[in-house]
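So, here's a batch of structures to check.
Same chain, two partners: chain A is paired with chain B first, then with chain C.
This part shows the complex of A and B:
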């Protein structure tokens, strides 16, 4: 037992277990971690601190930064385009998060049956996740074309007249969401599938022997056991949806009239098009705070109910 | 691994199937086909003549097969964008996996003050969305004159914590005896890492490589921000100009050319995925479930 433990634990933990042994310090360890840690500090940590500073300044590419205090934040909270972008991203979340979770769950339940051709099903459900936003965006711009698109063509059989998926203010957000669901379902699907395969077979078998039918087994055994992974998928998807950008940029560029713009899209425009870096940073920090708040809130809700 | 047992094709598991199972199976396979449909439509459109694209009825196969669209795609600097993407993705992935392996090995196998703290910092940094760092990073890169350069494309993407994490998890369960034996033979820590530990870490190395390579190959926001020269764009950013709302000159080309462009763009990641599926899936479910 002691030996098995020693293998499973990091050295600094097992060192404390073997009281007799003198504690050796591997100074060479610093050299090993340095190669990764230096770019990590330079490119992942420093920009956060630097960003925290420039959010309080007015700074474009030319000239020196000017300290403006909370002005950027004040301005952002009254900027109707910022408010619009944050409102949009909540709608994105309301459509994409349930869409991805439900599609991913159904796909995982189906593939987990291991019926014929299920390995092909697994490949197809996951495949969209590995291609870039450009591929997703351009394919769906064509599929959702108002006049000749495949989607409107088949919808017309159901008596639904041509919907302006990407070119009307009412539908653009929905159009981008549909493409996003197709793109992101793969990840949720794989996580659900892995969780399904960890459910002990004898548990399901015991329920079957006790006379539970398939639907009962699903709702009273399988789904309750999958709660942790469901809450994880919802959280991950919500965070990634709050950061939605690339598909918006490719499919609608935020339009028409800002109806599909997201906070990151706004940040992109503030930085690249208008060169107001301080202001862009302030909006990024507001988004970050929103993400943290929502994540914490979600955690609390899940814990409360558990 | 159980997930990858080949299912017995054309045989239901528990003897004769129930009618309801067959019905669900048929519906499910129809949805699978729907899920693949956008890719099929992409490839089909890319081989059509432009005048055969906008049709009242859906034509799944081209009336005339043509390579004309692909020729048109290559009139744009697609080869250059492809080269930029290859350089960016391979160098960044290579450095990330190698540095990540070293760091993960040290964090798992060596005792030094700050070990646990460093790992906690790595994990905590996952909470920070890239978008918060992107604006200040861009400003700094412009200030030092690195805009539109390879170092600007590569360096900020090197420190992907996923790589450290996956190697650390692997080396935690690494048998101590192997290292001890090498140490007895007089090998130093670098030799042990290079000759003993790393060759045995094939599985995490492949998983980290395919996942991080795909992330880099598909990366969009950062290359979009940091490349101002047409010739320094990466493939996803360059090809995005075939979108009607993005490109100004490219939009005249129409859907057949844009589908040819995205077919070219999606081939590397799809091929990589089809052949190394198992590593993708293992790596992703391991990486996210445990963090």
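This part shows the complex of A and C:
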């Protein structure tokens, strides 16, 4: 075979060769890999590298980028709208991540009981996740309407009236978070359910025989065994929240007064609406650094010790 | 044939398949090159008109194509979202794939003109025989960019002013006379108060329809401020925020609508929907809403903008068709022929579509007032053009100056005022600084 040749190999491979086996490098494999690799390089890696470059320039598509050094970063770090968007996203994280994790876990525990109709409940809990964020946003704009929304209508029976979910600076972030929790819970739920179903039944049974009640079984058997999945859900959710955009764009467009704006929304405004691509890229890099830092920190805090 | 002979090994199969795929992919390219010169010219037109006015525009394009069937020129229209329009035009131009022509708004395209994305049209207009004397003076002026050779960069198609639409049912219910619409700010507030409804302490129906953020309070401020004597930029485009006290007073007037006069609520999220469903009584907006509200069955009339601040003025936008840079410059002449036809035949567009006609020959037609929607809902947008003297600022930073925006620097800054997180004076200081920088940069 023309394509097959002997090359320098690690010891264990050389040992196999000495035993009479041959190793063939079939270059056609690269062709198959290329179907993924080339588009990935062209449409993922190249834009990221180009984005990194234009963050140091002033550029609005037409003409060559003008090198401005760190000016975009300096401007971004002093831009009150950028600072506000980053503050907001941290608040989003504080509301959405625990909200999604707790709701997802409760839903998974409920379905795992295998009570009658639990399969319908499973579909019910997961369904919002398959709907696009834009549709979710549009639905929740109606539900959370201050004057005519269903949520305020039902709250009025409890004596709570007229919460300005999307039209006040105090509540807009909460309003968007509620829609996000409803949307994102589906993924957390399905991951938690899979983890729950993986826990050996005999462990639970042994704990029950030893006299552990339901709460003790949950906190001393189930949750510790689910630690890796909890860690994964929290990490995924945090990254997803730091990138929140569609709900913000559809529900409040970042307002009022920037109270619900997120970094990605700001980047979209800077790049697509104002055509300041260099500045938008600089903000995107700052966001990227923040995501990496928070993710590493989180992994250190809730890392699995199993 | 024996089974052994017909067997194809994997390598041969892959070679054959690759060759076949390559041939299949290349065939359309080869074919298109071969037939390109025998095809009629197909002009690519980008439009963002997606509401009810878009349907009328599509009719205009269809009419052109029917009228030119077999004559070697056709228009292919493609819809592009308005917010992404400029970015997509820039990208398409940078890659040599720009559409031939598209919709633009006068005064907002200085960057495109500066960067050579849009094409100066004076010579093309002259060569095509399009009679500029037939266009109103204000429309020709608005199509020019003084800082970029003062050439026309679009062919004006319609003039859209902001005027109050008023729910007649609410007027009658409040015991007001629909034939005596307010002409001053004080009267306007009284009308608003008469039509406002409350649910407990909260405004449930706005006498004067406003939102807590976005376009509506921004454009209201812009109109009232200019009526009070404020200028975003001086006439020579060198000084920003002329007469800032008037701008501050206008912010206080808008705040008073919410908090003092109590004719508006910040709780409305969708102004168009609110007026359509009867949750707002007086709503200043543009002629693009007419088709929708008529179809919806809203009982409304339109009036000219009252004099709130001292000089009766209102904001206007001019829609027009701009040409984008082509590698094959011979296409410009064909594009101009098409645009000339659309302009010459814009009667439908400026009666049923949207806005007032920029062409005198259309405005003077005896059937201009009787065609399309009834005059009591359309007339203010035509007759009101005489007070529509608040234009865009034709500089590269123009989008930061526009008062009809929900997301530019102006709107974002003012949102803090409406939310009481910034004083009007602080906001004015920020606006003046940012705008001055924009003017200084050209």
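Here, the second predicted complex is superposed on the first by the 282 of 306 C-alpha atoms of A that agree within 3 Å, B and C clash if a C-alpha of one lies under 4 Å from a C-alpha of the other, contacts with A are read in each partner's own complex, and residues count from 1 in each chain.
The definition used in the following text is that a residue touches a chain if its C-beta (ideal position, glycine included) is under 8 Å from a C-beta of that chain, and two chains touch if they have at least 3 such contacts.
Model, not experiment: these values are computed from the prediction.
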| Fit or clash for chain B plus chain C once both are placed on chain A? | clash
| task | Answer with first, second, both or neither: which of chain B and chain C does A:132 touch in the superposed model? | result | first
| task | For A:161, decide between first (touching chain B), second (touching chain C), both and neither. | result | second
| task | With both structures superposed, pick whichever of chain B and chain C touches the larger number of chain A residues. | result | B
| task | Check the residue A:285 against both partner chains and state whether it touches chain B (first), chain C (second), both, or neither. | result | first
| Who does A:204 touch here: chain B (first), chain C (second), both, or neither? | neither
| task | Classify the contacts of A:141 with the two partner chains as first (chain B alone), second (chain C alone), both, or neither. | result | both
| task | Figure out whether A:269 sits in contact with chain B (first) or chain C (second), or with both, or with neither. | result | second
| query | A:40 contacts which: chain B (first), chain C (second), both, neither? | reply | first
| said: Looking at A:239, would you say it contacts chain B, chain C, both, or neither? Reply first, second, both or neither. | reply: first
| query | Looking at the overlay, what does A:61 touch: chain B (first), chain C (second), both, or neither? | reply | both
| query | After the overlay on chain A, which stretch of chain B ends up in the same space as chain C: 8-16, 224-232 or 278-286? | reply | 224-232
| note | Interface residues of chain A shared by chain B and chain C, listed 28, 61, 141, 145, 147, 253, 255, 271-272
| Of all residues in chain A, which touch chain C in the complex? | 28, 31, 60-63, 81, 141, 145-147, 161-162, 164, 166-169, 253-259, 269, 271-275
| Where on chain B does chain A make contact in their complex? | 2-3, 5-13, 21, 24-25, 28-29, 31-32, 35-39, 41-42, 45, 53-58, 98-100, 102-103, 105-113, 115-116, 118, 122, 125, 127-140, 142-143, 155-156, 158-159, 161, 163-164, 172-176, 189-190, 193, 214, 217-218, 220-221, 224-225, 236-237, 239-240, 242-246, 255, 258-259, 261-262, 265-266, 269-270, 272-274, 277, 280-281, 284-285, 288-289
| task | Under the touch definition given earlier, write down the residues of chain A that touch chain B in their complex. | result | 6-12, 15, 23-30, 32-33, 35-37, 39-40, 42-45, 47-48, 50-51, 54, 59, 61, 107, 110, 113-121, 123-128, 130-135, 137-143, 145, 147-148, 150, 153-154, 182, 187, 190-191, 193-195, 197, 229, 232, 236, 239, 243, 245-246, 249-253, 255, 264, 267-268, 271-272, 277, 280-281, 284-285, 287-288, 291-292, 295
| task | Name, in rising order, each residue of chain C that touches chain A in their complex. | result | 10-11, 14, 83-84, 86-87, 90-91, 93-94, 111, 115-117, 199-200, 202, 204, 211-214, 265-270, 279, 399, 406-408, 412, 415-416, 418-419, 421
